[in-house]
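Here come two complexes built around subunit A, the first alongside subunit B, the second alongside subunit C.
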Partner chain A sequence: MYGQGLIKGLSVTFSRFFESYTEDIRWLFKRYSKVEFHSSKDTRGTFTIQYPEERLIIPEEFRYVPFLVYDEGENGEKNIRCTSCGICAKACPPQCIWIVRTSDPVTGRPLPQPAEFYIDADICMNCGFCAEYCPFDAIKMDHDFEIASYTRNLLNKERLMKPASYYAGIRPKNNAREEAARAEKAAAKAAKP
Partner chain B sequence: MESTHKSNMATPVLTETIDLAAKFPGRVTPDARPGYSGWMVAKEALVEVSTAIRDELGYDLLSNVTGVDYPEQSKLEVVYHVYKTTGGPALTFKTQTERVDPAEVPSLVSVWPGAELQEREAWDMFGIKFTGHPDLRRILMWEGFEGFPMRKDYKEPFHEEDNKPLKSRWPEGKHSYAEARNPYGDNIMFKPGFDPEKWTPTDPEEALYAALKKYKTEEKDGIKTDHIIVNMGPQHPSTHGVFRAVVVLDGETIVSLKPVMGYLHRNHEKIGERNTFLQNVPYTDRLDYFNSMYNAWPYALAVEKLMGLKVPERAEYIRVIMGELSRIQNHLILFGMLWNDLGAYFTPALYAFEERELILDIYEAVAGSRMMCNYQRFGGVVRDIDEANMKKIKDLVFERLPRKIEEFDRLLSENEIFVARMKGIGYLSPEDAVAYSVTGPTLRAAGIPYDIRRADPYGIYDRFEFDIPVRHNSDLLDRYLVRVDEIRQCLRILQQAVKQIPEGPFLAGKPQYQVRVPAGEVYGRVEAPKGELGFYVISTGKGNPYRYHIRTPSFINITSVEKMCVGTKIADFVTILGMVDIVLGELDR
Partner chain C sequence: MSTNELNLPDFNIPSELDGKVAITTLDRVYNFGRRSSIWPMMFGLACCAIEMIAAQAARYDMARFGMEVMRPSPRQSDVMIVAGTVTKKMVPAIVRLYNQMPEPKYVVAMGACASGGGPFKEGYNVVAGIDKFLPVDVYVPGCPPTPQALVAGMIKLQEKIDKQSISKVRWYQKGGDSVEVAVPFLGPDLIDPRRIPEIKAKAAELATPSAQNAPEK
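And now, the complex of A and B:
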C-alpha cells in the first residue's frame, strides 16, 4: 500500500510525542533530578534541560581554560606550586602562555617562582597539554566555563591562582592519585640517606 | 535485507614486488634518499609511466597528490600515492622540477580525473604549474593572492618565528597582542609596487565563470531561453557551512557546476609545519570536527611508524571503540541533516542528536571535551576508559543503539516521499567513482567493496568479524542505505571490542611533550567515516615536521559532485551535496 512507509515513520514520531508527556508526568515533582537520568541508556521523552536552572553534571575530566594551583600555608600565605620551568609554555600548541621568571636581585640567578604568568584565554584551545605535562601538578584545567566578558580575556597570575582545595574539589580522583604519587616520592627521598 | 548487501572482502596477500626502474629504464629511478621510499619519475615521462601504472599494474585509485618544497636543493617535488581498489599497500612515486617560476609538471588529470582539485591545491600552495590541467586556478586562496603559502620561504602575517615553541614566551615572556607584533604593520601582503589606492578592481570571478560552460541562448518551442548562473552559497543553509557552488541552469536542470571553496581556509598545513609533532594533535580535531576522535588516528599511525613505536593492546582497542562510536555519530548527524535538507525540519535531526549526545557524553567523560577530544598520543591514548564509562559504552552498544538504529530505520527508510527524492538521483558510475578518487560510503554504494579497514588493515581491525556493506545502484538511496548498514557493522565491531578489551597500559613509554621522530617520510591512512583520511608526514629528525599534508575525504570527494549533478534538478543538488557528506573544517583546512 502506498503510504505505508510514511505511516510507519509517523508512528515513531507519534510515540515520541506521547512519551514526552508521560515522561513529564513521571518526573513532575523531581524535575531537577532528571539530569542524572538524562545521560543514561534509558533516557526518554524531552531530552533538553533548562539551563541555567538545570545543569548537566560536569565529568571530572572536563577541561577548560587552565588555572594555577597554590597550597595554602598555615598563616594564609599562598605557596604557588609553579616553578616557572617553562614546560607548559613550550608544550602549548597555540603558544598562549607567557611566563616571566623571578631572578634573585642579589645574585641574578633564577628563583623557582614565576614573577608573572599570563594566559591569553582568547587564544587558548583548551587542549590540556599544559596540565598533562606539568611535572609539579602546578597548572590544571578548570571546570568553570562561564567566562563571557566584555573585554578580552588575558588572565594574569592573580586571576589564574586558585587554591589546592578547589582543585581537590573539582577533580577528586586525579588529586588523590597525584597526592599518593607525591607522598611516595617524598617517602623515597626521605628513605635515602 | 542486510545479508544480500555485504561483501566479505578479504585482505589481499601481496607477494609481487614491483620494479618500476627495470620497467622504465632511464626514466624511473628508486628514491634513494634515507628514510624515503617509492620511485622518482622523470617529469617528461610522467604521463606515460602513470598510464602504465594504472592500466598495466592496476593501481586505479589515486589517493593523494601533494607538493613538497626543497629550497636547499632548489627543487619542487610532487608526490603521488596510488592504490588498488582490490586492496594492498600504496605505490608511491614522485617527480621533481626546478624551483623556478613557472615550475612546470605535466598534469595527471587525463589519467586520474581525481587529481583535478588536488593539483589545483598544489598550484595554489606551491606554485607548481600543471601543464594540461583543464582549469588551473587558485582553489583555497583567492585569485590575486600574492605568493605561495606552503613554500618554505613564505612568511605569513603575524609571523614570529619559523618553529614553535616560540622563544619569546619564556623566560622573559611579556605578553603582547599579536597585532602589535605584526612585522608588516597590517594583515595583508601585496605585490611589489602595488598601490591599493590606485587599484581598479577587475572581476575576480571571471576565470571561474569562464571555466563553466558558456552562456547559451537558444530557441525552444518558439521561446528564446537563456542559461542562467546561480551562486549557491557561501551563505546557504544547505551547504552545511561556507561552501559555494556556482551552477549553470537550463530552466531547473543543472548544466554545469563548479565548487568554490576556501572560505574557512586557515592553512592548517602551514600551522602544522610550524608546530612540534605533538602540538599537531589538538589541531587535527579541528579538521572534521564531528569526528575528532578519528582524525588524529592516521597522524598518530604515521608518526608511530616513523618512530617505530608499538602501541599497547589496550590502547588499540580503545582507539577502535572510540573510532567506531565516532562513525556511528557521524552517520547519525548525516541522516538528521539530510532530512533537514529534504524539508523535514529538525525532528529527525534532533532524534539523531539525542543518540549523538550520549556518545559525546562518553567522549567528555573520557577525553575531557565533547568535540575537540585531543585524545590520541603517539604510542597510545591519553587516558584510560574507566569502569563507569566502559559500562556506559556497553549499555549503548548492546542495548540502546541497536534499538534506536532500528527505530531510525523505521522512521526514515521506507518513507515514500523520502524514497522518491532519493531513488535514482545523483548517479555516479563505479568507473567514474574510482577515477574521481571517491572513497568512503559513496564508493561502496557504487558497488566497490573498498574499505581500508579490510583493504589495508591498520590498528587491530584484522581481528574483528564484520562485513563491508555494499550497494550497487550508486544513487542517493543506496548511499543512505550503505550508511545504515555500516552503523550495524560498527555495532558488531564495538560489541566484539568491548568484550575482548584486555587490561594493561594505554600508552607506550612515558608521556613526552617533545618526541624524537627519525628522519623519513610516511603516509598513514585510515577509513574515516567520510572516506579515506591520510596524513603525509616528512620528518628531518628535528622537532617539527618538515612537511605535513592531509588528504581529506571531504575535499577529494567533492571532485565528483559535478558528475553527479549534471542533468539533475537544482533542488536535488542540495541532497546530493548532503550525501557526499562534506564538513567544511576538513574541506577548506
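And now, the complex of A and C:
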C-alpha cells in the first residue's frame, strides 16, 4: 500500500505533539522549569530551552574547541602540562594548531614547554584527535561554546590555558580515569630500581 | 522592553511619574526595534544548515529574539547566516544575494568552513572563509556550532547593533550608499574582480621581461 511510510512518520510527529499536552497535565506545568528533566532521555513532548537564562546540561563527552590544561603550583604559578612535542599538531586533520617551541637561551637546547601555542578556532573541526593523541593529558576538549566574536577566533596560549580543576569540573569521569592511570604509571616507575 | 530598561540612568524621573514616563534616546529606541526583528535569510550551504534549522525549531526557538522569520528573499532580510562550506561555485550567488540585501545588513559566518575554510581550507573548490569577500560581523566557531552556540552568536550580533548610533551609521550618511561587493566570477578558477588590475599588472610584467630578467646575450 502506498503512503504507509507517510502515515507512520506523521503519526510520530502527531504523537510528539500530543505528548506535550499529556506531559503538561502529568507534571502540572512544572516541567518547563526543570532543565534536568529536559536533558534526560526520558523526556517527552516538545519544549523550548530558554537559552541565555537556562542551558541544556552538557554531556561529559561534548566537545568544542580544545584548551590547554595547566596544573596550579603552590605559589599560584601555572605549570603548563604541554611539552610542545607537536603530536597534536601532527594529528590535527585540518592543521589548525601552531606551536612555537622554547629553547634555552644559554645552551640553545629545547625546553619542554611551548613559547607560543595557537589554535585557529575558525578552522578547528572539534574532532578531538588532539586530546586523544596527547600523551601528557595536556590538551583537552572544552565545553564552553560561547566564543563567538567580531573578529577571527585565533586563540593564543593565554586564551587557551585553563586550570586542571576546571577540567576536573567539566569531565569528572575522564579526569578520574586519567588520574588513576597517571598514579599507576608513577608507582610502576618508582618500583623499578 | 520595560520602562526600566529603556530609561537612561543619567536622568532622574520624579517619583510621581515613575513607571509612566521613560526618558531615553532615539538611538536606543531605534536599536531596540532593529535588534528585536533581525530577519535572517533562508539559505543553508552544508551541515551547519541543519543546526541552523534546529535553532529555529521548537527546542531552541530563535523566535524568542524576533529572528523567526526566515525570508527566502534577500530584499526582505537583515542578516545573512552563511551556514556551511562556501564553494567557489556558490560564491558568486552569495555575493549577489548580499548585494541585493537592503541596508542595514549583517553577515554571520557560522561554523568553521564559513569563517576560515575549516577542514577544507586548502581544497581546490572551496573559498577559505566568506570574509575574503563579504564584511563579516560575527564569527561563530564550531564544526558545526550547536544551536545554543548559534544563538549565542546572534546575541553577540544584537550587542553589536545596540552599540550603533543613528547619527553615525553608514547607511544614513551623505553618499553612504549600500555596500556593493564586486561579484566574483568562475573561470578556470574563481576570479575576484577587485584583483583584476593587480592580475593585469602581473601579466604585463611577465609579458615584457625587464632588464634584470632578460637573458644575457
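The rule we apply is simple: the second predicted complex is superposed on the first by the 153 of 193 C-alpha atoms of A that agree within 3 Å, B and C clash if a C-alpha of one lies under 4 Å from a C-alpha of the other, contacts with A are read in each partner's own complex, and residues count from 1 in each chain.
Criterion: contacts are C-beta pairs under 8 Å (C-beta built on N, C-alpha and C of every residue); 3 or more make two chains touch, one makes a residue touch a chain.
Keep in mind it's a predicted model, so treat the numbers as computed, not measured.
In the superposed pair of complexes, A:Gln50 makes contact with subunit C only, with no contact to subunit B. Shared-chain residue A:Ala89: touches subunit B; no touch with subunit C. Counting residues of subunit A touched by each partner, subunit B versus subunit C, the larger count belongs to B. In the superposed model, A:Ser149 makes contact with subunit C only, not with subunit B. In the superposition on chain A, no contact is made by A:Asn75 with either subunit B or subunit C.
Of the two partner chains, neither subunit B nor subunit C is touched by A:Thr107. By the document's definition of touching, of the two partners only subunit B reaches A:Arg63; subunit C does not. By the document's definition of touching, of the two partners only subunit B reaches A:Lys41; subunit C does not. In the superposition on chain A, contact of A:Asp120 is made with both subunit B and subunit C. Comparing the two complexes, residues 47, 93, 120, 125-127 of subunit A contact subunit B in one case and subunit C in the other. Contact residues of subunit C toward subunit A in the complex are 58-61, 64, 109, 112, 115-119, 121, 129, 131, 137-143, 145-146, 148-149, 151-153, 155-156, 160.
Taken together, the subunit A residues at the contact with subunit B in this complex read 2-6, 8-9, 11-13, 16, 39-43, 47, 59-63, 84, 86-87, 89-93, 95, 97-101, 110, 116, 118, 120, 125-129, 132-133, 141, 154. Against subunit C, the residues of subunit A that register as touching in their complex are 46-52, 55-56, 64-65, 93-94, 120-127, 145-153.
The touching residues of subunit B, counted against subunit A in their complex, run 164-166, 169-175, 275, 278-283, 347, 350-351, 354, 357-358, 361, 364-369, 372, 374, 382-383, 392, 395-396, 399-400, 407, 410-419, 511, 513-514.
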